[in-house]
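Next up: some structures, all given as C-alpha cells.
Next come two complexes, and both contain chain A; in the first it sits with chain B, in the second with chain C.
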Partner chain A sequence: MPQSKQDKNIERSWPKEGVIRVPAWIYSDPDIYARELETFHYGDTWNYVGLDCEIEPGGYKRSWVGERPVLVTRTEDGEIHVMENRCAHRGAMLCWKNSGKAKDITCPYHHWAYNLGGDLMGLPFLRGAGGKGGMPRDFDKSKHGLTKLRVARRGGSIWATYSDDVPPLDDYLGPEILERLDRLVSRRPLRLVGYSRQIVDSNWKLYWENSRDPYHATLMHPFLSTFGILRTDGDYDSVPLQEGRHEYTFSRYNPELRNSTSEASRQIKSIRSDLEMRDKEVVNSVVDEFQDGMMGAFQVFPTILVQQYFNCLVIRHIILKGPGKHELTWTYFGYADDDEQVRELRLKQSNLVGPAGFVSLEDSEMLALMQPVVESRPDAEQVIEMGGHGTEAQSTMMTENLIRAFYDFYRREMGL
Partner chain B sequence: MNEWVRVASVDEVVEGEAFASERKGEAIALYREGDDIYAIGDVCPHETVRLSEGWLENGLIECPLHQSCFEIRTGKVIEGGAAYEDVACYEVKVEGGSVYVGEGRRP
Partner chain C sequence: MTVAQEDATIELCRSKLREFYEDFAHCLDTDRLEDFPDFFTEQARYRIIPRENYDAGLEHAPIYCAGRAMIHDRVVAIREAALYQPRSLRHFISGPRVLETLDDGSYRTMANFLIVESLLEVEPQILMVGQYFDEIERSGPMLRIRDRTCVYDNYRIRTTLVIPV
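Let's turn to the complex of A and B:
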C-alpha cells in the first residue's frame, strides 16, 4: 500500500488518553498488520479451524490460520491433524476444494504425495529417469513433510497453534468461555447445517470491535428493535475475559417486550407498529433446547465469534486477507440427533445471521464504507467513551467497555 | 485351467533390470535373480504407473512416482508407503529359450 508523505510523518504512538482513544493508523498500517499476524495468529494463541462434524474419517477440510491456508484432516483412526496447505517442495497450494474424502494428498505441480498425517510419502523421479537426474542420494523424505500445527479439541471444536508456549486450550479459553463453548458444542454430537462466506473490505479489527459493540445493535439493525429480540431495556451483560482477549455478551429473551414500550425503547425511532412479521418462527424459539432462556455470543481471540440466536447456532470465523480486507465464514451447526422440526427451525432461523442476515447484513456494509474513510485519516482518533473509561464488566448495552478491554490487551501484546 | 502364455525370450530378462511385458492385456514385469525368473504385476496400485520404470535394488522394485516398494519374488508391498495393496504374482516356466507365465494371483 503506498503511503503518502503525510502518512509517514504520523507519530506511531498511542494517544496519551489511553484506551478511550484508538489511533486510526492501526487499521491500515502494513507494519502493524504484519506484527499482528506474528504476535497473534502465528504466536501464542489457539486458532479455531473447524468442527469435527465437517470432516469424516479419511476426509479433509480447508481452513486458515491467519493468512495461511491449512488443511484439517481426519485419518481413518479418527485422529485430527492440521497442516499447512502448502507443498513442502515449492509452495504450491495442495488443495482448493473446501472439503472431501482422500486417501492421500498429491500436489498438482510435481505430484509430491503426502499422507493425511502430512508426511511425505514419495515424489516422482526421486531416482531420476533413464539413470539421469533425480534427487541426491541423501535426500531424506522424512524431513520434507508438510508443516504441522499443534491441535487441540474441545467437544466438537478443533483448534490449532504454531506456538509451543501457548497454555493448554482449556486454560487459554478460561472457565467462562469453556462453560459457554461446552453448552453449544460439547453436550451432543454436532451436525453441519451449512455455510455462508463473504469478503468484507475492512481491517479485521473493525469487525472484531463490531461484535464487541452492543451500542450499535439496536440502532443500526432496525430488525432487532422492531421485533423486540434485543432491546435496550432487556437484561444484558457485556463481560470481558482473560485480560480482554475474549468476551461474552448475553441477553434474556423476553417475548413480552414486543408489546410494551418502556422509556428506553421509545427513544429508538425504528420501532414501528405498522410492521408485522409474517412468520414468527424466525424469532420465536419453539424449542427451548438449552432450558436457560439465554441468547448470547462470545468471542475467542483472535479468530471467532460464536453465537446462538434462538435455535440458530453459528460460528463466525474471521480470516485475514491483508490490512484492508478479511473473509468471514459463517458455519451453521446443529446436533446429530435433531428431529425434523428442529432441523427446519435451524434453517429458518439462519436467515437472522450471515452476509444477508436480518440482524447482521448492515455490519459488513457499514465497515466496507468505513474502511476508506478511516484510511484517509490515519492521524485521527476513534472515541471509545460509551459506558465510561473502564474496562470492567457492565450490565448494559450502552457501553464500549469490551472495545476498551480489547485494546488494553492489544496494546500490551503489541507494545503500543 | 492354467494357461501358459509366452511373454519373453530368456535372454531378454537380465539381472538388475526389469523387463516389461504383458500377458493377455495385463501389464507384467519379469526379473532375474541368477537362474530364477520372476513375474509380477507391473501397475502400481497407488496411482496407475508402471513399476518397471522404477528402481530395482535388493530384490525390491521401487515405484518411480512415490517409492512404494514391492518384492519381485512375490509382488508383496512393503508397508508404510503410498500403496498398500500387493501386485499379482505369476507362475513362470522356461521352455525352449522362451519364458511363459501362467495365471496371476495375489500372494
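Let's turn to the complex of A and C:
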C-alpha cells in the first residue's frame, strides 16, 4: 500500500541487500535531509565556494555552503575570506548583489559595519544619543564578528569548511582529484566566462547520482552518440575514490568511432549516420589545449562536478534548497591569456552543457519528473546492479559502480 | 512563412517592426522550428543570456549561435536528439522600438518578451521574461536579424531551456 511521505512508520533502515538497493525515502525525508546538511555540508567536508577570477581585490562574491548564504571576499592584499552573509546582530542578509567592490560590508538594517575579513568595525549609536540608549559598556565588538569559515585554495579554486577536524584540502581531495583539478585550474590564471543558474525540482542526490551514472549517458542523451562524441564502446573509466567519497570518469575522444558499428552501438537506438552538425567546431577538438586528448568529469563531494568538453570548461555547483529542490550554478571559465579563437570556441562549445545543453538538458528534465514519483513511493527501492554488486573501479560505461560506491560512503557517514 | 515586407527606401516604422516580431513569435508559438533559421542572416549571431552576465560584461550565454549554421544545428538537435516533456509556449512581445538607423541602413531595435510555458499536470508558468536587443537588416524585400541578444531577467532557468526565445 502506498504511504505518504509524511508517514513516519516507514522503517528508516537500509535494505538488507546493501548498496545494490537504495531506499526511496532518502530523497524526500526532511529529517534525513537535515542530517545530511549537518553531516556533510556543515560537517567534516571542504565545500567549493568559487574561483579566484570571480573576485577582484577589494571585492566580494556571494556563494552558498549547504543552504547557508556566504560571502567570499578578497582584501586589497589578495587574501581570501569566507564568512556567512548574515549580520551578527539580527541575522539580516548583508550583501544583496551577487558580486561587487566594497571597502567594508555594512548591514543595510542597522548599519553594523564589518571589514572584508568579517570583523565588526563599528556600529551606530554604540554610546547612544544624548546620554540615552546605546550598547552596554561591556559590549565587546571583537566577539561579534561575522561567522567565519576556514578557507583553503588550490590553484584558482576556493574552498571553505565549518570543520576544525577535516583533513587539509589537498588530503581531502587526494592525488587523483588534485591531478584533474590542477590540470584545469592551477596551470594558468583563470578568466571568468560567465554563469548559468538553474533550479531543479529534485532532491540533490538524484542529481549527484546522475553524474555518477555513465550507463544513462548514451541512452538518455542521444546527442552524444548521434554525433559520435561519446560511445559506450569507446574507452571509458569509472573510478570511485576515497571509498566512494569522490569519483572521476575518463574517456578519450575517438573521432574514428563515429564511423564504426559494433554490438554495443546497435543497442543504442539513437545512433544515426545521416545526422551531421553544420558547425563542426561545437563538437570537435579544434584546439587541443591540454595536449592529452582527455575528456571527462570528476565529482568532489559534496558540492561540485567539474567537466570539460573540448574547450568548454565548467564547474557545476550543487546548492541545496530543501529536500525536493536544488540549484545548479554553472560557472564557465577559461584562461586570462585565451586568444580570440579559444574565447569563441569556449562560447560555442558551452552549448553542450548547461540548462540548455545538448548533452545535459535531459538530466534536469528527467529528475524534475522523477521526484514526485519517488516521493509517492518512499517505501520503494532502487535497483543498482548494473556492472555487478561491487564498488571497485571499472573500465566500462555499462556500470553503476559509482552509485554503489557513493552509497557505501553515504551509509557509513550517515550511520544508515 | 510570412516576413514583413516593405520598400527598402522607407524607414522602418514601429508598426512594421511589431509585425516582424509577431511573425517571429508566431513561428515559435506554432512550433515551426524549421522556419526559425530563416529569420536570420547567414552570419547572424543569436544568443540567450542572463541579465547577470549581460550587465557584468560576461560573454557566456546558455544558447550561443555564431552563424545561421549553428541556429540550424540547434533546431536539428531539438528535433532529432533532445528529450523533453511536451510543452506549449506562447510569446508575448511588447514595446518594440527602433532605436537607431545605422550607417549601412540596418536598424538597432528592441522589445520586451514574456514567454509562458504550459506543461502537463501543472499550471502555466512564466518560462522567461526579458528583452530582445537586435540588429535587423533588409534582405531584398525581407527583414532579417543579424544580431539578436535575448537578455532574460530570470535569476535562474527553471528546469530546462529547450526552445529558442
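Remarks
The working rule: the second predicted complex is superposed on the first by the 410 of 416 C-alpha atoms of A that agree within 3 Å, B and C clash if a C-alpha of one lies under 4 Å from a C-alpha of the other, contacts with A are read in each partner's own complex, and residues count from 1 in each chain.
In this section, contacts are C-beta pairs under 8 Å (C-beta built on N, C-alpha and C of every residue); 3 or more make two chains touch, one makes a residue touch a chain.
Small disclaimer: the values here were computed from a predicted structure and weren't measured.
By the touch criterion stated above, A:294 is placed in contact with neither chain B nor chain C.
Contacts of A:111 after superposition: chain B is touched, whereas chain C is not reached.
By the touch criterion defined above, A:195 reaches chain C but does not reach chain B.
With both complexes placed on chain A, chain A has more residues touched by C than by the other of chain B and chain C. In the superposition on chain A, A:126 makes contact with chain B only, while chain C stays out of contact range. Once the two complexes are laid over each other on the shared chain, residue contacts for A:355 go to chain C alone; chain B is not touched.
In the superposition on chain A, A:135 contacts neither chain B nor chain C.
Taken together, the two complexes place no residue of chain A in contact with both chain B and chain C. Those residues of chain B that touch chain A in the shared complex are 46-47, 53-55, 62-68, 81-82. In the complex of the two chains, the chain C residues touching chain A come out as 48-50, 52-53, 56, 58-67, 69-70, 72-74, 76-77, 80-85, 155-162. Here chain A touches chain C in the complex through residues 98-99, 192-201, 220-223, 226, 270, 272, 275, 277-279, 282, 327, 332, 343-344, 347-348, 350-351, 354-358, 361-362, 364-366, 368-369, going by the rule given at the top. For chain A in complex with chain B, the residues that touch the partner chain are 104, 106, 111, 113, 115, 121-127, 129, 141.
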